[in-house]
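Take a look at the structures listed below.
Here come two complexes built around subunit A, the first alongside subunit B, the second alongside subunit C.
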Partner chain A sequence: MTRNGPVALIFHALVVIFMLAPLVIVCLVAFTPENTLSLPTRGLSLRWFEAVFHHPDFVQSFWNSLWLAFLAATLAVALAVPASLAITRWEFPGRGFLNALFLSPLIIPHLVLGVAMLRLFAVIGATGSFGWLVAAHIVIVTPYVMRLLIAAISGFDRSVEQAAFSLGASEATVFRRVTLPMILPGVTGGWLIAFINSFDELTMSIFITSPSTVTLPVRMYMYATESIDPMMAAVSALIIGITAVAVLLLDRVYGLDRILVGQH
Partner chain B sequence: MSATLPDSAPAAPAAPGEEAPERRVRSAPLFLSAPAALLFVALVLTPLFLTALLSFNQFDYATGRTGGFTLEHYLSVLTDEYYLEIFFRTFRISALATAICVVIGVPEAYILSRMGNPWRSVFLLVILAPLLVSVVVRAFGWSMLLGPEGPVNGALIALGIGRMKLLYTEGTVVVALVHVMLPFMVIPVWTSLQKLDPAVEQAALSFGASRGTAIVRVVAPQILPGILSGSLIVFGLSASAFAIPGLLGGRRLKMVATVVYDQYLSDLNWPMGAAVAVILLAANLIIMLTYHRVVEGHYRRRLG
Partner chain C sequence: MSFLELKNITKRYGPLTAVGDVSLSVEKGEFVSLLGPSGCGKTTTLQMIAGFVEPSAGTIRLDGRDITRAKANSRGLGIVFQSYALFPHMTVFDNVSFGLEMQRVPKGERKPRVEEALSLVHLSPYAKRYPRELSGGQRQRVALARALVIRPPVLLLDEPLSNLDAKLREAMQFELREIQRKVGTTTVMVTHDQAEAFSISDRVVVMEAGRITQIDQPYRIYEHPETEFISRFVGKTNLLPGKVATATGAGATVSLAGIAVPVEMPGLSVGETVTLCIRPEKLRLTQPSNGLLTGRVADRFFLGSQWLYHIDGPLGTVMVVTPNDGSAPADQGAPVGLEWTPSVVRVHRGAMAEAPDVALEVT
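And then the complex of A and B:
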């Protein structure tokens, strides 16, 4: 089946090496027994992973990020399901505007959202609040959820719902027993992609986190600008591991190419 | 509705039963989208509006107070050499990263589309999955690869070229940006290649076109919208990139995003930072909307 010539395959191999090299070196250096950033040439060691788990700042930031991503993804799905239903199923005044508004965080640079949220939080006296940080993350992950949900809802056969209605099911029952199960891949896929995006978000969060709400990417950025030791590599390797698990889950549940490439 | 109202007016008891579903349907989308709409008005429109206002406020370095009305922040962005240089550098780096993404990403998407499964799925995953790994991790990976003791310098020494200072140079920022942005180029090109009927390329070949001619005259024109769309996404994201110049550019190599960060969190001159952020947002929106116009119009002409 492969119809690519040797030149094409060499080019392809170089691109794959280019894409994987920075991730591979991080994972290798994480296992170094030395005190400096170096490849583990004299045996492997888990000492830097241990150091991460004994570093209270990193541990706290990890839990902050996990909790934040969980809440933001869950609430974004809860808001996006009804909103996507409204946008795909009804024609109403303001529909186009709402659709554009819900997708707007995709084209507004996160840097701009970060300074804008910082200004708002300063005005209303919410600087450094975890609740408002969650709200800000809901805003940036909702578009990803909505894209999948709108695709899932427009691609489904409404005659099944009409059959349920004609058999006497109430609207709540139809939603719970028919609509929701049919859009479930979109919902779980959306939740996962929202979780990953919230967990990784740096540029907006760096403006609106306070010392007690610092997320893991922000903590890593701060740490990397000051000192670089193999502990940074160990944290990075852990993040790569967690992301890999999430990616495999996502691929199982929804198909990674469908999410990223967006084939509807 | 206008047809039913006069008739149903006398028969009042029958009307509610008939009208209820219609009224429910009319208000349902508003109820369903209201929670998300409120959140987005509160946390997207309001903050952007407040930031735009802030960018016209005066800033007093001595007291740190803001207020009043001034255009000085916008004027200094347009006239001050410091800002001009940063905007020019950001433009140069983003344009270079975009060009390299086209040169690497377009052939790569084409090669991927010609592979058979399972390799196609595997390598698509390999190319796209790094998108989901935190950008801090990827920037850190590049700082190790290109560091003074890293493997790239090791190879340069082994080849007899000798050690080079790679970190904190524009070249490193460009390389890392290409790494981060490449998936955004591969995705739209891949999508337009999927829509392409392979029979058309076959037809060109069977009529005696060379491989090169077939690619240039048949494949390229059809994937051009994908390349354009990828280029704009890559350019827009590069121009507002923060972590890559922040971690790999060092203190001297500032880009727009790192300058906004400095204004906000080091100089505490929020109005100045707000003005730069507003310009960045405006530039982004103009590029995206222009593209939308051009490409949509192009398609409509071709399809209509």
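And then the complex of A and C:
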């Protein structure tokens, strides 16, 4: 391994600082006792955290987002596993089209998707439905899952499945006992990225959420357009905290490298 | 009736015939190797026996039962793959146990059988390890144990040793044969390595361009190759083009660049174009005046137990292999004579397929 020179080290340090500084600052601001977004200078206070928990809309939106992201990620994985297997392994007419179709939400601006979904929901009378919100999120997170799964399946040694098959396993057993466990890092990584993307999605959700289904990012956006106070920082700090705990747990249980980079 | 019988097996992919009209009978307990260069159809043949590829025509019978269209998971064959194909997320024990589980062997019976299979391949201490924690040779043994634990009627080996380094490969060859003898499982192995095929097989099937060209015991294939392709593919050989000068009832003399060489082959006619095939180890170096031919040492290579010489002479460059008996080798550039007994010369009718210098090619 080659060592980094001083220039490279400084560069890397700057990149890390650039990425982390806003997060650190927003967390610090969350503890301010003042009424404005400012760094705490006269001691620390938890008053803005308290404000969040006493704000029923925020609590409701948090649960909305959590549910939404969980359902969208899980259903997207359930959809993407068979789709990726079919696209990677079989030659059939329309294969290229299907692949492009599944990945197309990646290149369509969420703004456009949001307007389109709004119209669609109005036409089919689904405006404000949580189920259709989940469906819309599945559309936008599926490509991420597919990318990871296709990569995992492409590097798969088919003779392992043949070996299981020759030992007397049925097709279903081969899938359950061999294929699925072997692509599990791709499945978990895909789920995680889908969850984060769905939880974080603002642009499209603005158009298609109703008062009862407002997600956390939409709630924050609406709140921030009206007033700017340190409660926003407190919400952000909470999200950062929850994410950090989740990532640490995942790394402990699975190893993040394994999930996001590949096997072993 | 043979134990495993392939009858006129053919596999076509569109206009391409990967395997054409292959017929082969394997006796119970026999070790048969399919030998050939890559693309000769040997692996496709094995996959048809395994049930991964469906034949376009022909039948496969196992112990009298027609299994041509049977699904791979109903054939009960043991297969060792080139990549070993171990289940990476299972321990060695679970890998070996998988087949028993699929066969619904009761749990209490599985454990002793897995342990027996692991001890057969000397891996008992590694039962709790994962495949990634094992060396290539150890993975190979796990694959073998996993295939044998289900007590398959036939064991199929697809290039089982090609991923191992040379020294380990040789050791595993003998061990493989020893295990196969002990268990007595009928075995079909695919390989492109003739040393591997020869050292452990009862019979070798040479394949070329999707067809079988010779089925015989290893030493018979080496000594009596039926085609020029086989003599070239199997071991090193000197191929010398010539014309029949005289022919008597049992033998003939062949003129090679003006030198008359006696051969033992009946039925040749005067003037016929033939190719003589002489293995390098059948040639002996002598004093220049005593040999059938004279030449000069162009190059010499020390192979440890043997010396390989390239001798330049009237026939072009000829390879000679002599055992290293401890004495000093012939010097580079030294004049030498070559002699041999007529019985070691094989005659193939017709001209050589390619230019004479391929005689120097090593498999």
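Note that in this section the second predicted complex is superposed on the first by the 227 of 264 C-alpha atoms of A that agree within 3 Å, B and C clash if a C-alpha of one lies under 4 Å from a C-alpha of the other, contacts with A are read in each partner's own complex, and residues count from 1 in each chain.
Assume a residue touches a chain if its C-beta (ideal position, glycine included) is under 8 Å from a C-beta of that chain, and two chains touch if they have at least 3 such contacts.
These numbers were taken from a predicted model, which means no experiment stands behind them.
Chemist: Using the superposition on chain A described above, determine whether A:V160 touches subunit B (first), subunit C (second), both, or neither.
Modeler: Touch partner of A:V160: subunit C, not subunit B.
Chemist: Per the overlay, which chain contacts more subunit A residues, subunit B or subunit C?
Modeler: It is B that touches the greater number of subunit A residues.
Chemist: For A:V123, select first, second, both or neither according to whether it touches subunit B, subunit C, the two together, or no partner.
Modeler: The answer is first: A:V123 touches subunit B but not subunit C.
Chemist: A:S38 in the overlay: touching subunit B, subunit C, both, or neither? Say first, second, both or neither.
Modeler: Touch partner of A:S38: subunit B, not subunit C.
Chemist: Classify the contacts of A:A8 with the two partner chains as first (subunit B alone), second (subunit C alone), both, or neither.
Modeler: first
Chemist: Could you look at A:E226 and tell me whether it touches subunit B, subunit C, both or neither (first, second, both, neither)?
Modeler: Neither partner.
Chemist: Residues of subunit A that sit at the subunit B interface in one complex and at the subunit C interface in the other, please.
Modeler: Shared contact residues on subunit A (touching subunit B in one complex, subunit C in the other): 263.
Chemist: Can you tell me which positions in subunit A touch subunit C when the two form their complex?
Modeler: Contact set of subunit A toward subunit C: 157, 159-160, 162-170, 173, 177-178, 181-182, 184, 263-264.
Chemist: Which residues of subunit C touch subunit A once you look at their complex with the stated criterion?
Modeler: Per the stated touch rule, the residues are 50-52, 72-79, 81-83, 85-89, 98-99, 102-103, 132, 143, 146, 150.
Chemist: For the complex, which residues does subunit B have touching subunit A?
Modeler: Listed in rising order, the residues are 25-26, 28-33, 35-37, 39-41, 43-48, 50-51, 54, 104, 107-108, 111-112, 114-117, 119, 121, 123-145, 147, 149-151, 179, 182-183, 187, 190-191, 194, 236-237, 240, 242-243, 246-247, 257, 260-261, 264-265, 270, 273-274, 277-278, 280-281, 284-285, 288.
Chemist: For a test of understanding, state which residues of subunit A touch subunit B in their complex under the given definition.
Modeler: Contacts found on subunit A: 1-4, 8-9, 11-12, 15-16, 18-23, 25-26, 29, 36-39, 79-80, 82-83, 85-87, 89-90, 92, 95, 98, 101-102, 104-105, 107-113, 115-120, 123, 135-136, 138-139, 142, 196, 199-200, 202-203, 206-207, 217, 220-221, 224-225, 228, 232-233, 236, 239-240, 243-244, 246-247, 251, 256-257, 260-263.
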